[in-house]
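Same chain, two partners: subunit A is paired with subunit B first, then with subunit C.
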Partner chain A sequence: MIKKHITGALGAALLAGGLAGPAAAQDDTFKIGVITFLSGQAAESFGVPAWNGGKLLVDMLNEGGKLPAPYDTKGFGGMNIEVVVIDEAGGATKQVQEFRNLVQREEVDAVVGYVSSGNCLAVPPVADELKAFTILYDCGTPRVFEDGAFEYVFRTAAHATMDNVSLARYLKSRDFDVPSFAGLNQDYAWGQDSWADFTGAMKQLYPDAEVKTALFPKFGAGQYGTEISALLRERPALVHSSNWGGDLQGFLIQATARGLHKRSQVVLAAGDHVIPQLGNKMPDGIFLGARGVNGLAANARGGELKELTDTLWMAYEDEYDTFPVQAPFRMWQALLGLKTAVEKAMADNGGKKPTDEELAAAMKGLSWDAPSGRIEMMLADGHQAIQPNAIGTTKWNEETGKMELVDVEYYAARCVNPPAGIKSADWLAQGFPGAECD
Partner chain B sequence: MMHLPVYVSAIIAFVLLAAGSLVLPDWAMFLFAMALAKGLVCLGIVGMMRGGVVSFGQGLYYCLGAYTATLVANSFGVSDIFLLTLISAAVCLAVGLVFGPLLSSYRGIFFAMLSLALSMVLYGTLSKMSFIGGTDGLNIGAPTFLGWAPEGRPLQTALYIYVVAIVVIAGALMRIYFDSEQGLITLAMRDNELRVEYLGASVRHVMTYNYVFGALLGGIGGTIAVLALGHVDPEFAFWTTSGEFVFVAILAGYLSVPAVFVAAIILELVRSFSNLYFPNTWQLALGIFLLIVIVALPGGLGSLIKRSKETDT
Partner chain C sequence: MDLIATILVDGLIYAGWLFIVSVGLTLVFGVLNILNIAHGSLYAIGAYASASLVGAYFAAGGEAFPFGSYLALILAAVLVAVVLGPLLERGLLRYFYGRDEVLNVLVTYAVFLILEDVMKLIWGVNPYFVYEPYTLLGDVEIGPLFYVGYDFAVIAAAIIVGLAVWLTLNRTQVGKVVLAVIHDAEISQTMGVNVKRIYLGAFMAGAFLAALGGALTAPMISVTPGLGVNVIIVAFAVVIIGGLGSVPGAAIGALMVGISRAASVHLVPEAELFIIYFVMAIVLMFRPEGLFAKTQARKI
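And now, the complex of A and B:
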């Protein structure tokens, strides 16, 4: 009886495998596996907007000639781009399995994905084991390349240290007086790390500022009544939060109703992405970043990347009736980096479709232009990007009925990111050695 | 003599499953190895289910086993899979012996909630411990096999054979246990605990046994899973993970041991393919599948075997 059922199961499994049949990519298509949140809390804030932006870019590239130079060639080096999209929800266990399936069953040529830091830590060892070229496009934890070294894994976005260093620099450059500050961050790695980075940066720039209270409500708490009472009672000059998504919206709406933003300056490490949802419920005068020169800050920048930024901005607004926030910008910088790497590898190997080794060699230390600025693979032996950042102040424009970012300060990548060879925690503790600010 | 069929079918099962390592593609071998490792945890739940209680907190041992293996591997440089499995199993056995007697006097929803609470305590504690990675978790290197350190396909094959061997041994031992006096008393408890006590058997005693076996199997399953995955995070102890184990146990039913592993493999396959073909609605596809199974097979997959047995005789 055991035998019968085991054979049955094996048969069923083989049948299922056969049905799926590895759709090996041909030489005229480049197949990418995209992993991003399509369900769960991070879908609305990051996953869905990122892929909304990515889809537009892939369509434009496949058509060819839709983007300004050097991205006006068709697809990736003339190859058509084919995409398999996988939901990132379900935890690291599931993601490691799905990663293997993408590489071994779907035989994708490159994997682009991962918003969650947990997944970004779990996937790289597997990517190296399978020798599969992988781009981490969004996640923030510096641990990926500070605790490990990987041959086939690259992160095309700066890690999260930049976000909080920029906030502290913004306060300093605007001569904002900070006798004391407090924090409200989600109680998981992202929130804990952000608070550690922010206090670390403040210690250097405002050594006399007193840390009043550090609150860590549960991830997904949604209700912040007690925390807001505590913040109102403590009267810190500044309240820091790296909350995102529904947690940030909930906190802002509840805090505004009780006038917290009038008593304390609110600073948000990654707050731009809730502006479309909150509209004029987002209070004026909040200092916020977008984890890079993304969204409103990119739109306000102009300069030589204006044409590229406008292409993203207008296509996104046309298609989705809202403006692009940080996530689509990061997806664009990943895909444009991949395009640059593929084309560089093809120039080196005589125009053949590049292998994973050739792609990794081309990507190492690469730099390219994206709507979010110049991306440079500077850290972790050419595997970790640095990028410029911007912090601005919210201001509702009554005439246009739109939120604007005013008093925007732009920071060079080397000013707010640690140099190569030093861990970000040490860089903060030692007072930003090697930082190059204008 | 009575146990001979178990040995024979165990050997046949091992040969058949091990033969899979020759024919299965890489991705499927990994999926099978993960499914079988999770199946071990579910087998522990089935052991309790036979006595009429369901643990909603098997993630506790799954996670504890995984973290024990990872921490031992990272701090003492141990990478031998046999040693890591033994250490994790010992830790889980010890913890199971502490909680077993406590939980064995509870039934129904109280047992389910208490076991769930224990696993969530571990989840919360690990999430707070940022020095071992907090919610982001930890990585563990590839295992070695008595000094042999394979890579690539040989590594996957070795892991697969290892998990198959453990599954077959554990499955056979649990079958023998289920058919033993203790195991049959468990089944009797499902119908009437009072009568079992009047017969002179201790219900608490038997329940403790079942719980401790569940803890042991959970720890071994977690160790193999983390060695295959290379990463562990507190999510291993989260209630959704435990819920998945319960689901597999319900899908399998309490009548058959192999059905547990078949159910685990089916769930993994359905999840993987629904993920690929319906990236936006895979949870819905999975949910519909679960509903159909529960409606069509209320007794679980194991009831199919029983049915065919009845028609045979």
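And now, the complex of A and C:
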């Protein structure tokens, strides 16, 4: 009797799952594969907050009418949004396999993913091979489209050159004297590239500034005592760091205790995401960016996008009891871009669910509004976004018990991103040709 | 401050931390003949446990006597040793005594992976902070540089740990028994030594030292998943330089790594990682067993 029951249950399960094969794509549902770090060191800083924000947006879109126009319509062109979330941890080889699974077995209609630059470099060739529409929502390396061209792959966030050009422009616009500077960046592509971008931008804006030292502790080092001694000894006017997550938190805790921020101006290329954890342990007077007009800088901006920004801000605070930092903003700009592209493609094909080819055609050169500003797919033949950026100065507000960003300066996308047809390194070396600053 | 003095101070601070972590690893290898990869996990669990205990201490009104948080750090390491030591040694490792060393490495590597996930299940992926003990001891001004008093407390802790381990092994009856077991466990057993108890005690001591390293590090970092990975690699370099199983070797190895790394950061920052393994390679060229390991005839 028991055996019979088990056999029956197994049979039902097999019919429902394995034997029936993957569920056929339905026209009333748009299925997205989201890949982001749910474990590992990037989870707490980027992966988890990104999907926390993404989940809120998907729920709001599926409900309909929760967002200001033009995003007040239900789902994607009326289709319900379904999401499969995959952990990005495990390295590029695993991610390529996960990508194939999402496209071929899960039959997703679009893939949105990747914080790691390594994964962003590994997946696009496979996406083109499978002709699978893919959005890179977070990673920073300019190499994805500067060293390659992909038909089905788009990046909806600006690449990392913007972060460091903005920092250098902030220093200049505030007449900050920089006779010398130093850097402490993680010893892998992100840290090395950020330092190269920053020194490239400084060479143009502060040609006489001397580089005192460039330190590259290994990723996850944790202990920075010796590096901080070196920075204190060298006495640079400014210390640049693109560290993130636990590495940035550890560096700030140790550097602050030894007074580094009192001797040198500390500038952080992507430092906003540690503010919720550090609170008033983040010293006042740090110049920092958030890789776009994200987090506190977006909240302080106001203007036409205030309603959209407030929607994200309040929903996130209500749900998670903390404010959204940069990663949820980037997830929102990717998903809102995808919604815009889907609906544009449906307008062109008579209202049917778009194919990958139709989606790619609609996304190419697209522009749309996000809480982080106007996103324009302007580089790499319409596959790479540019966006505005902001830099501000940290200041703890004793009354509210919250960290604020003061003296925020906003930069137009065309001021801090290279124009089409020129590589970032060349743009920096040639003194920002074509930059359009106010 | 003179550059050489800065390098020495930075090197000593790093070496002090490194020695506390490494001496437990070398002790476990010396007694149990097991290269314990899970030592890195015990370090990380020590950091998490201390973050939780110190947090609970201050939540329970510890501000009135903040120095009590140092006791919480040590208590965290004791807890890790008392709970995980017997669980791992009696529950798993004893079944692999006398087996191939490579098998033991694989077993402890498996434990390392399991404990990494256990930590995520218990503490999640969000960071833990316990700054308070880090700043309680004030600043120390040496020349034009400020150091945190806590850094020197870690050096003091390393000296105390080193002396305690050395004196226990060389000046107490228990230590003589442990040395006898290291020399020949079978003969010791026939002479009436409770070898099982020695193995358990040595493993718990190793676990305590790993967890103490993590507990003392927690106040200066954000405690996040993956903490133990980098530590175990550099700790291996230290004990290989000093000679597996040698306590003075771990001290000398930690000093060599600490000072050479500090010199590299100040003078040739590009070579910071390279220099540790360069020192190790040079030592192994001339002393393949490490600086302090005794050359042993192979038993047939």
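Criterion: the second predicted complex is superposed on the first by the 419 of 438 C-alpha atoms of A that agree within 3 Å, B and C clash if a C-alpha of one lies under 4 Å from a C-alpha of the other, contacts with A are read in each partner's own complex, and residues count from 1 in each chain.
Heads up, the rule we're going with is that a contact is a pair of C-beta atoms (placed from the backbone, for glycine too) under 8 Å apart; a residue touches a chain by one contact, two chains touch by 3 or more.
Note that the structure is a prediction, hence the values are computed from the model and not measured.
Applying the document's definition of touch, where does A:Glu227 land relative to subunit B and subunit C: first, second, both, or neither?
second
With the two complexes superposed on chain A, say which partner A:Arg258 touches: subunit B (first), subunit C (second), both, or neither.
In the superposed model, A:Arg258 contacts subunit C only, not subunit B.
When the two structures are overlaid on chain A, which partner does A:Val406 contact: first (subunit B), second (subunit C), both, or neither?
neither
Where does A:Ala149 make contact in the superposed view: on subunit B (first), on subunit C (second), on both, or on neither?
neither
Just subunit B (first), just subunit C (second), both, or neither: which does A:Pro125 touch?
In the superposition, A:Pro125 touches subunit B alone.
Using the superposition on chain A described above, determine whether A:Cys437 touches subunit B (first), subunit C (second), both, or neither.
Neither partner.
Going by the contact rule stated at the top, is it subunit B or subunit C that touches a larger number of residues on subunit A?
B
Figure out whether A:Gln249 sits in contact with subunit B (first) or subunit C (second), or with both, or with neither.
So A:Gln249 only meets subunit C here.
For A:Ser39, is the partner it touches subunit B (first), subunit C (second), both, or none of the two (neither)?
both
Is A:Gln104 in contact with subunit B, with subunit C, with both, or with neither (first, second, both, neither)?
In the superposed model, A:Gln104 contacts subunit B only, not subunit C.
Intersection of subunit A residues contacting subunit B with those contacting subunit C?
38-39, 187
Along subunit A, where are the residues that touch subunit B in the complex?
1-3, 5-10, 12-14, 16-17, 20, 22, 38-39, 84-87, 89, 91-94, 96-98, 100-101, 103-106, 117-118, 121-122, 125-126, 129, 141, 143, 147-148, 187-189, 192, 219
Considering the complex alone, what residue numbers of subunit C touch subunit A?
Listed in rising order, the residues of subunit C that touch subunit A are 1, 3, 6, 9-11, 13-14, 17, 120, 125-127, 129, 131, 134-135, 139, 144-148, 151, 217, 220-222, 224-227, 229-230, 261-262, 265-266, 269-270, 272-273.
Can you tell me which positions in subunit A touch subunit C when the two form their complex?
So the residues of subunit A in touch with subunit C come to 38-41, 43-44, 48, 187, 213-218, 220-223, 225-227, 229-230, 232-233, 245-246, 249-250, 253-254, 257-259, 277-278, 281.
Would you tell me which residues of subunit B are touching subunit A in their complex?
Contacts found on subunit B: 9-10, 12-13, 16-17, 20, 23-28, 30-32, 34, 127-128, 130, 133-137, 139, 141-142, 151-152, 155, 225, 229-231, 233, 235-236, 238, 240-241, 256-259, 261-262, 265-266, 268-269, 271-273, 275-276, 279-280, 282-283, 305, 309.
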